[in-house]
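Shared between the two complexes below is chain A, which has chain B as its partner in the first and chain C in the second.
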Partner chain A sequence: MLAYTIRRLLQGILLIIAVSILVFSMLHLMPGDPVELITDRKVPPDVKAEMKRQFGLDLPLYQQYLRWVKNIFRGDFGISIRSKTPVASTFRHRIPVTLKLTGTALLVEFLVGVPLGLWAAYKKDSRFDRAVISTSLLFAALPSFWVAVMLIMIFGVHLKLLPLSGFSSAKHYVLPVLSIALGGIAGMLRMTKSEVLDVLNERFVFTAYAKGLDKRTVLVKHVLYNSIILILVMMFLSLPWIISGAVIIENIFVIPGMGGLLTQAIINQDMFVVQGCVLIISILTVLSNILADLLIAALDPRIRVSMSGGGN
Partner chain B sequence: MSDLAYIFKKNRYLRVGTIMVMILLFIALFADFLAPFAFDEANREARLEGPSADHWFGTDEFGRDVLSRVIFGSRIALRVAVLGVSIQVLIGVTLGLISGYFAGVTDQVVSFLADLTWSLPPIIMSMAVITIIGKGLDNTIIAISIVSWAQYTRVVRAKTSSLKNMAFVETALAYNEGHPSILFRYILPNTIPSIIVLVSLSIPNTIMSTTALSFLGLGAQPPSPDWGLALSSSILYLMNAPWLAIFPGMALVYTVFAFNLLGEGLRDLLDPRLRAR
Partner chain C sequence: MEKLLELRDLSINYLVKDGALSAVHQLNFDIHRGEIFALVGESGCGKSTVAFSIMRLLQGNEVVDGEIVFQGEDLLSLDEAKMEKIRGKHIGMIFQNPLDSLNPVYTSGSQVAEAISLDEKDKNVILEKVIKLYESVRIPDATERVKSYPHELSGGMRQRVMIAMMLSRNPQLLIADEPTTALDVTVEAQILKLLRELRDDFGSAILLITHNFGIVAELADRVGIMYAGELMELADVEEIFHCPVHPYSKALMASLPRITKEQGRLKTLEGTVPRIIGEFQGCRFSNRCEHAIEECFQRKPELLEWRPGHFVQCLNKEVLHGD
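Showing the complex of A and B:
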């Protein structure tokens, strides 16, 4: 387990370094002088030259990179051109919001998708199974932002049941989380079904029945327990998509998270904010992937062996 | 011919998917004849009118015919599909062939890059690219595509590394065929079925992501009849003009659903093992 943990951590660090290099080079890949990108047009040339020295933009690139990384470790992401405030202080309020949103969406996908999938597998070819599976195929084709618009129209504008924007109470969570999770539930459900169907054919399931256990015990204790690992793997693999969904949905419901911030920053060409957002969201994704892999390895010894043994 | 009929009879996904995609192609191809109005023809007299005999899908805030805009929007969706998937195939298949065939350090570098793009949120990555290359429909297509080629690389790499040990490749090597010739004349043709399946499965994702970015204002710009753009401006009029949100959204759902079905059908037909990814 230790060897695997170290291996996985090293992989993660390598990924984060690669991302940081990409994010750093954004400023230099853009057409034009970096100083022009991070200052107002009105700033006089001599001030710009001074800023260039101050930000170390006259240094060789690798030194600039190291300097940038060092600043980030100190919590300094630069200053937003738009709001003139340190980017880091904006992040402090915004990161928890996005984490709450994606976390809740992930939880809902799991809590709704897995039981439905389990039941569909158990009742394979029944009317319930067919209805659930065809509904999920349709739901998978629904873009989250259209779902969001439709939900706003139905629950917000016409029924006036739920708030349309903001993120201050539990009620505010319902529509955004539903918009993000609907497609995910569909995927989770179909995956759970096919995984459970595989496990249902294993010999230990027959053994469990032979021992005289009732159906529900077999289903939950034996079948679900053995399919849950792969379900967890797939769930965390879908994390990048959930975060992508959250970024879009935050914009629609005016939720003060990282997604709304990033979109506005791109439109305003607020470089330090863009860099910070991309970096932080990427690091959070990589970290949660590592965490998921370790969790899965702890649950299932087979994965541990196959992953730390020879090569790929 | 009877084989084809049999395949279509047995494979329901393929049958329905093909018909739905054909309808879409027909609409896009003959948009000029099918659309009752030009997509940018504004009529100040008829703003935000509900569905009627003149305007089946109603009119928008500039008095433009929503039906016509939805019809012309199908061309954008297909442009996204063709351009986006071509870029993904070009990058993904090339890297997959190279890394599967040559193995070693090349393989490790390519696999790392594939892992990198695979494990990060695609929308975030493409937003970073858009920051560099700028807004607009084509830039958005490029941005989405240069972060979503990893699945091609993975599949083609796996196929290539098993194909390169087969007798027909070793024979070709013995006849002094060069590496490029072996890659393109012997290995590539054998990966085509998998690539076709991946293409049809990645079209809906590419369309969905590009539309999402247009929805956020980073992709297609007004007065383009892009469905995502139409949806984002519809939000302001949800109370009085719900048709602005309903019809472009349904067109998008139809398109994504059509390609999803086609993809599922092609997978069952050409490469059933791809299902166990």
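Showing the complex of A and C:
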């Protein structure tokens, strides 16, 4: 298991290096020169050249890359070309906001979607199952921005129960979290249901009943535990989306998170911000893939064996 | 002998798209204490359905009629909570394929312990009992094997674990649904020996579900021959082998490979088991029966005592009184 973990981590590091090179060079393939973009036509060429030197844009590409990597290790993602503030400090303010928003949403999805899915599978073809599944189909089909606008109209404008925008109190989070989670619950629920249905038909569930266990113990210990392995892994794989955030939702509710930052930076060709965002998202993707692999290995003994190479 | 389990007019219909598919029809038999009763038939004759209905573990899209009386109580009328108390404690069951009958994410020992923990709370006592059970079902190196996960055990070992699990609460009746089908012949012999010892040592009755006459001859005291959801013949194992009466039983016997002087091909039975949806008139075997008379297509025969302890369901008098 340890050897496997180390091997997996080394692979991850290689992957991150490769991704970082891609991220770095991709921006240089983009059309347009950032200095031209922020300066007026009237600015003399020597001033522009001076600015290029200031941002390190005159160096050969590989040196720019090494400098970029070195700085990142020191926590320096460069200076935003637009706002002239360090990118790292912008990240420091924005990442927690997004994490809080999407993390809460994910938790709500899990806590609501999994039990509903379990019950829908157990009571397959019942009225409850049909109601839940058709409602979930509806919510899966509705785009989250539409749901967000509707929620604002109902709870914010008409009922005046909840604030329309901002992120200062717990109350502010209710509508954005709901807008993200409603669709997510639908997905989580359907995945849980199909996973649980698979497990419910396994012979070992009959064995569990046959030895005299009550329904609840069978459902929790033998059905849910076995199906939750895949669900947890899927959740880990969706972690990168947490940080890249619910872009549209953040814009609608004027929440200063990562999603809004990334879109603005791309529009503004604010390349250090874009680089930083994409790099963070890729590192998270790699990490959550590794975590998902390790988690499934820890939970499922069959996989643990195949990973440690057969012996134990 | 005292009756442990009585099936009274048990009928099971699966609800399918075109109507009610008759899987089991007016089945009557009983199992005595300490007896090994074999239910034999082709695939799809309803024998496994009978097993699952006794455990009340059918899927839920079927209609069950009749009575399953166990120790004087009709299991079909019990609520789920009472049934949970019967499962494992009074009636145990082992399944056809030991490869997937244990949960892959728990150690084999903990799954046996889980059964024992329903009666016993002390962890050390439970572990001791698990090891003892492993030894009694001849699992070598029991103290180590309790920590093994199912995938680390062979098919035969897994079936032993299943037997240990089902023995752990000393049920009066053990249902063994094709317990050796997925195993090779040497392992099969060991498992069968184990089942026999189980009956001899613990006095449990066994309902053995199989299509293998070798196993029947090896193990059973009495045999019920099932065809298309009905019992065709029921008798002591000796009777069934030496003087089968029903044309279907005879055909089954004729299709067995035997070491005799006659050479040649094995006899086969033409046609397949009918799929009966809705009402059915006549004997369910009539379309494949060599001895079918007109009456066989019009009226359902009843299972009648042909000779003390030997029941046959056939309308043709020549079959019953001939020879």
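Note that the second predicted complex is superposed on the first by the 271 of 312 C-alpha atoms of A that agree within 3 Å, B and C clash if a C-alpha of one lies under 4 Å from a C-alpha of the other, contacts with A are read in each partner's own complex, and residues count from 1 in each chain.
Definition applied: a residue touches a chain if its C-beta (ideal position, glycine included) is under 8 Å from a C-beta of that chain, and two chains touch if they have at least 3 such contacts.
Given the structure is predicted, the values throughout are model-derived calculations rather than measurements.
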| item | value |
| --- | --- |
| Touched partner set for A:208, first chain B, second chain C, both or neither | second |
| Greater residue coverage of chain A in the superposed arrangement, chain B or chain C | B |
| First, second, both or neither for A:94, with chain B first and chain C second | neither |
| Contacts of A:190 with chain B and chain C, given as first, second, both or neither | neither |
| A:229 touches, of chain B and chain C: first, second, both or neither? | second |
| Contacts of A:300 with chain B and chain C, given as first, second, both or neither | second |
| Which of chain B and chain C A:247 touches, first, second, both or neither | first |
| Shared chain A surface residues [contacts with chain B and with chain C] | 312 |
| Contacting residues of chain B [partner chain A, same complex] | 111-112, 115-116, 118-125, 127-128, 130-132, 204, 208-209, 211-212, 215-218, 228, 231, 234-235, 238-239, 242, 245-246, 249, 252-253, 256-257, 260 |
| Chain C contact footprint on chain A (complex, rising order) | 202-204, 206-215, 221-222, 225-226, 229, 299-302, 305, 312 |
| Footprint of chain A on chain C - complex, ascending | 52, 55, 57, 80-81, 84-89, 92-93, 95, 97, 100-105, 111, 114-115, 118, 149, 151-152, 162, 165-166, 168-169 |
| Of all residues in chain A, those that touch chain B in their complex | 14-15, 18-19, 22-23, 26, 29-30, 137-138, 140-146, 149-150, 152-153, 157, 240-241, 243-244, 247-248, 251-252, 262-263, 266-267, 269, 271, 274, 277-278, 281-282, 285-286, 289, 312 |
